[in-house]
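Next come two complexes built around chain A: one with chain B, the other with chain C.
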Partner chain A sequence: MAAVITAPPRAPEKRSRRRGGAAWARRLVFVIAGLYFLVPLYAAFRFAISTPDGGISGAVFAGIPAQEGFLDAITLTVRLAVISLVITLVLVVPTAVWVHLRMPRLRRVLEGVTLLPIVVPPVVLIIGVLEVAPPALKGTPDLLALVYVVLALPFAYRALDSGLQAIPLRTLVEASRSLGAGWGRTLVSVVLPNLRSALLAAVVLTVAMVFGEYTMASLDQYETFPVWIVVFQQANARVSVAVSLLALLGTWALLWLISLVDRRRPSPEDA
Partner chain B sequence: MTTTDTGREYGTRTDPASGTRTGVAVALRDLNRRFGEVRALDGFSLDLAPGELVTLLGPSGCGKTTALRALAGLEDVDSGTVVVGGRDLRGVPVRQRDMGMVFQSYSLFPNLTARDNVAFGLRVRGQDKAARRRRADELLELVELAGRGDRYPHQLSGGQQQRVALARALAPEPQVLLLDEPLSALDAKVRVALREQIRAVQTRLGTTTLFVTHDQEEALSISDRVGVMRDGRLEQIASPAELYARPATAFVAEFVGTMNHLPGTTTADGVEVLGRRLPATTDRPAGAEVDVLLRPEALVVTPDPRGSGVVVATTFLGAVTRVHVRLGETQRSGARPGQGETQRSGARPGQGETQRSGARPGQGETTVLVDRPSSAVADLAPGAGVTVEPAPDAQPLVA
Partner chain C sequence: MRQRELPAWVGVVPFAAYTLVFLGVPVVAVVLGAFVDPATGGVTMANVGIATSGVYLRGFGSSIGLSLVTALVPGVLGLVLALAVRASPSLRLKRAVATASGVFANFGGVPLAFLFVATLGSTGLVVELVKAVGVDLYGAGFSLYSFWGVAIVYGYFQIPLMVLVITPALDGLRPHWREAADNLGATPVQYWRHVGLPVLAPAVLGCMLLLFGSAFSAYATTSALTSGSLALTPIQIGSFLNGNVLSGQENVGRALGVGMIVVVAVLMALYALLQRRVSRWLR
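Up next, the complex of A and B:
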């Protein structure tokens, strides 16, 4: 029995050792890819910290929060991210679970539908959203959140779909219900915890999308974080680049945190 | 041992410690369920006595799992009633049916430890943490997994996972226990050990249990009664011994245990097969050519250099050895068998597997299987000439 438990984790290790001869090739690819990403970053960093008189100063980073419009833009974007995330998850999670359980044949159709936002041009989308949006939302930046929900759909749905594929959903749900749990508890205590990776992926992709989306926001004339960076660049390119770098670091930190949380950890009973 | 079980005697069907929730009667009446053109349940009826373990046995697609899922409420039926403990369960959702279920595939919640899995049903019922932890540990002890409570499912072997699943199903003291091929994903040795454990636990708790399997050995070894299903209906339901000794139909006979098919002729009061007259019931007129079904142990093989049979193989099965004998058509005319090989190669008889041997009347040759004590097969090496006869007390079935 001990062998059964320990065997699976060992298998890949053995395989990689066998292919150890190709390690140098892997390293080469790694170095090239690393340079491809790091050189522009370094250039941007060097540009941001250089002063007009040829010196070097980190003051540009310290001054970011004080820049005109920065805090407003960040606040707006965070708010939009939270709203679109909540709406997306509330819409997509039960739908994806339901389709997997009850209408597996609809999976392909739904997949196609969720891809539409990528295919349809942004201008068309935003007109569509304006058409159906509640009047109270029109003219408010929150309307943008609805657009982002549409844009996040492909990413969020795909992440959840593959997560659902990876677990024996039907059996888990039936086991939970036969033990007396209702749909709500089954979803919260059984389905969601086992979709943790997929949910985190959906969260990251949605948040990253909102933090990087420029077209919709500028069309709608709201100064979200990406719009602010572009607008501000005309005033002060150095600060703009510094902010971009920080945004990138922030995203990395987020990803890293999530991969930490995502590791299989012995958790205490979640009661 | 467990606190709720100490006052209970083996074999009792009620539970004085916690009321009378265990051991209820179950009645499935005239269930019908169609999937398109397929009738998964076709007027299916079944009764389970309180505390009884009934197994539904049948080939895949015979409707046995549908029947179990209909009882669980996981499958809707087109018509028919399900009554458990006097209560009609029509329209009662799965979660209110109070049934414990063990699934074929591993169904433990991967995010919870073994203990939390077992305690899940109690948590749903609002038991406090200390009580459900105590009960979960009791049940883990019952399935001999005490001390493994903190393991996650992926840290347990398949057999251990199914034992935790059994404990989880039993934790809320369900009225009925449903086992949907719980052993089929396990390897043979674990399977045998676990089925005995399931039976022991079930006997002890006295929970009315419906077990579904396609493995006849499994069905025969642990059940009070076995129901053989075919095309959505019960072909026969009886105790394992009776099912084996007196199969009601040829289908049951072939599905349960091993059967030889031999050409025979009906007589006034029975059937003549391999040169011997045996009593048998048949609605065919005397003198008709019929297919006679005989168990391997109902045949006797005797070494005889001038006999009409030739040993083609022997298979050691433990206490008995199964002798494969090729008989020519010739047996009746008394000539030596021909050289043509018609024996199915690759058919290895093994325990727990249904097999069919022999051929329809009129075909050239017949291979029959005869069981003999393993201590008495030394002179039956492949190639040896033999005579095969029905035992005097053989009970043939005429198809």
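Up next, the complex of A and C:
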């Protein structure tokens, strides 16, 4: 009994000393992590702005759009991104809503199916695709967009699935239907507005995936954005490094956009 | 309902059909092709035999080795970082790390390779800095374009990925367990040994499996970095598509592909099992 009574006064002092040591350990972890992640960024920046004659100039960034092949690569990548985005959304949104409403037991199965593209490495999938694709499709880069849909499925489905989990879908749909709206109208004016941030996440992740995808594009021999970076490196490595940095900034901006919309959305308690 | 109801399964037909055509059919083609003799068109085990011997067996060895190293080391480092962030009182830091992890984990592939060429390439910033202090990294046998060089690069997306996937699991560590251990006089080491790590173990292992899979199928970073000189299985498969094939071995690439699918499938099955265990704790 006595031990129990005397123990508490000692504890806070012991703990604060321990916590003090822990704070130093934490700081050390942050410093090391910060170095590992920031030094390559700085090195790349230094490399991009240093001119061959030893000077420093930011002209390399301004000159990117004028580089040979850059605009073509961006145009092609945007086209692939738009095609795969449209197909992905048309495919995933109604399916996810339908499964949540009518076949909740199928959620598990669908989750498993959307994991399959992760089980099949892209380098393996592209062999099979190039083998079975009809020649008419093989001759166009749009084949890549059709396959990118499969790669985008896991991200897009997961984003929508958690978005649907978070809203009272059944109530919303029943209310809309009993007020006389058809299925199409219910989907467009009731369900989708409630899924805004999930949709945005699906869009951003799909676009980011298409803009970063190198394996399939290079093996199918189309010069998309990442393929161009590698090809152009032979002509001018500084430009390739500068573009790589901008790609990182672009990813950052896109993800920041999602978090911004996410935070602005009022939680159910606020409403 | 005035409208006639469609049977429930109709709604998933488009999705199922698309997945079947663009994922199912190509995979089946690869699997079947792995067992076809390109000369005669007959069934053979020769492709699988070649794919599991010599340079290709070594390729699987390096691939699995690289994936193990870049799952274990970044896994542990990511866990330490996530724990440090969780323990930190600063909300700004928490938010910054969360965003940065999202960015870096999604930022793989080609641009990443170029960042590291400028850092640890033969004339990279860090290499030059260290040389100024008198240490010649490349003279000492280091190369960015070798196994260990590539492993360092992979950490750049593996550590943030670990932070992203392990952070939700850390909420399974109830603060009152720590308080109970403290009040009973446990040292931090004892707390982690008997409470923290056993509770986290299945989640950590599951996340490391995910990291393994992410490293195992990675192609872009290594391809851009080493232009194919490091013999990893995905690179070897890629070289079959680029047409660098001995006659009679056209289907070995497919057999290698089947090998990769088998490795990842086994991992995913383990991952699913672990997830079931983890969710028991998180309930």
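To be clear about the criterion, the second predicted complex is superposed on the first by the 206 of 271 C-alpha atoms of A that agree within 3 Å, B and C clash if a C-alpha of one lies under 4 Å from a C-alpha of the other, contacts with A are read in each partner's own complex, and residues count from 1 in each chain.
Note that a residue touches a chain if its C-beta (ideal position, glycine included) is under 8 Å from a C-beta of that chain, and two chains touch if they have at least 3 such contacts.
Model, not experiment: these values are computed from the prediction.
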Ask   = Looking at chain A, does chain B or chain C touch a larger number of its residues?
value = C
Task = With the two complexes superposed on chain A, say which partner A:G180 touches: chain B (first), chain C (second), both, or neither.
result = first
Inquiry  = Looking at A:R46 after the superposition, I want to know if it touches chain B, chain C, both of them or none. Which is it: first, second, both, neither?
reply    = second
Request  = Once the structures are superposed on A, label A:T224 by its partner contacts, choosing first (chain B), second (chain C), both or neither.
outcome  = neither
Ask   = For A:T171, is the partner it touches chain B (first), chain C (second), both, or none of the two (neither)?
value = first
Inquiry  = Is A:T206 touching anything from chain B or chain C once the two structures are fitted on A? First, second, both or neither.
reply    = neither
Inquiry  = For A:G128 in the superposed arrangement: first (chain B), second (chain C), both or neither?
reply    = second
Message = According to the stated criteria, A:L115 is in contact with first (chain B), second (chain C), both, or neither; which is it?
response = second
Task = Could you list which residues of chain A make contact with chain B in one structure and with chain C in the other?
result = none
Query = Which of the residues in chain A come into contact with chain B in the complex?
reply = 1, 4-5, 167-168, 171-172, 174-182, 185, 189-190, 193-194, 196, 266-267, 269, 271
Task = Enumerate the contact residues on chain B facing chain A in the complex.
result = 72, 74, 93-101, 103, 105-113, 116, 120-121, 123-125, 129, 150, 152, 155-160, 165, 168-169, 172, 178
Request  = Under the touch definition given earlier, write down the residues of chain A that touch chain C in their complex.
outcome  = 7, 11, 15, 18, 22, 25-26, 29-30, 33, 36-37, 39-44, 46-48, 87, 91-92, 94-95, 98-99, 102-103, 106, 110, 113, 115-132, 146-147, 149-150, 153, 205, 208, 212-215, 218-219, 226-227, 229-230, 233, 237, 240-241, 243-245, 247-248, 251-252, 255-256, 259
Message = Which stretch or stretches of chain C touch chain A in the complex?
response = 8-9, 11-12, 14-16, 18-19, 22-23, 25-30, 33, 77, 80-81, 84, 87-88, 93, 99-100, 102-104, 106-112, 114-119, 124-126, 155-156, 159, 182-183, 185, 188, 213, 216-217, 219-220, 223-224, 234, 237-238, 240-242, 253-254, 257, 260-261, 264-265, 268
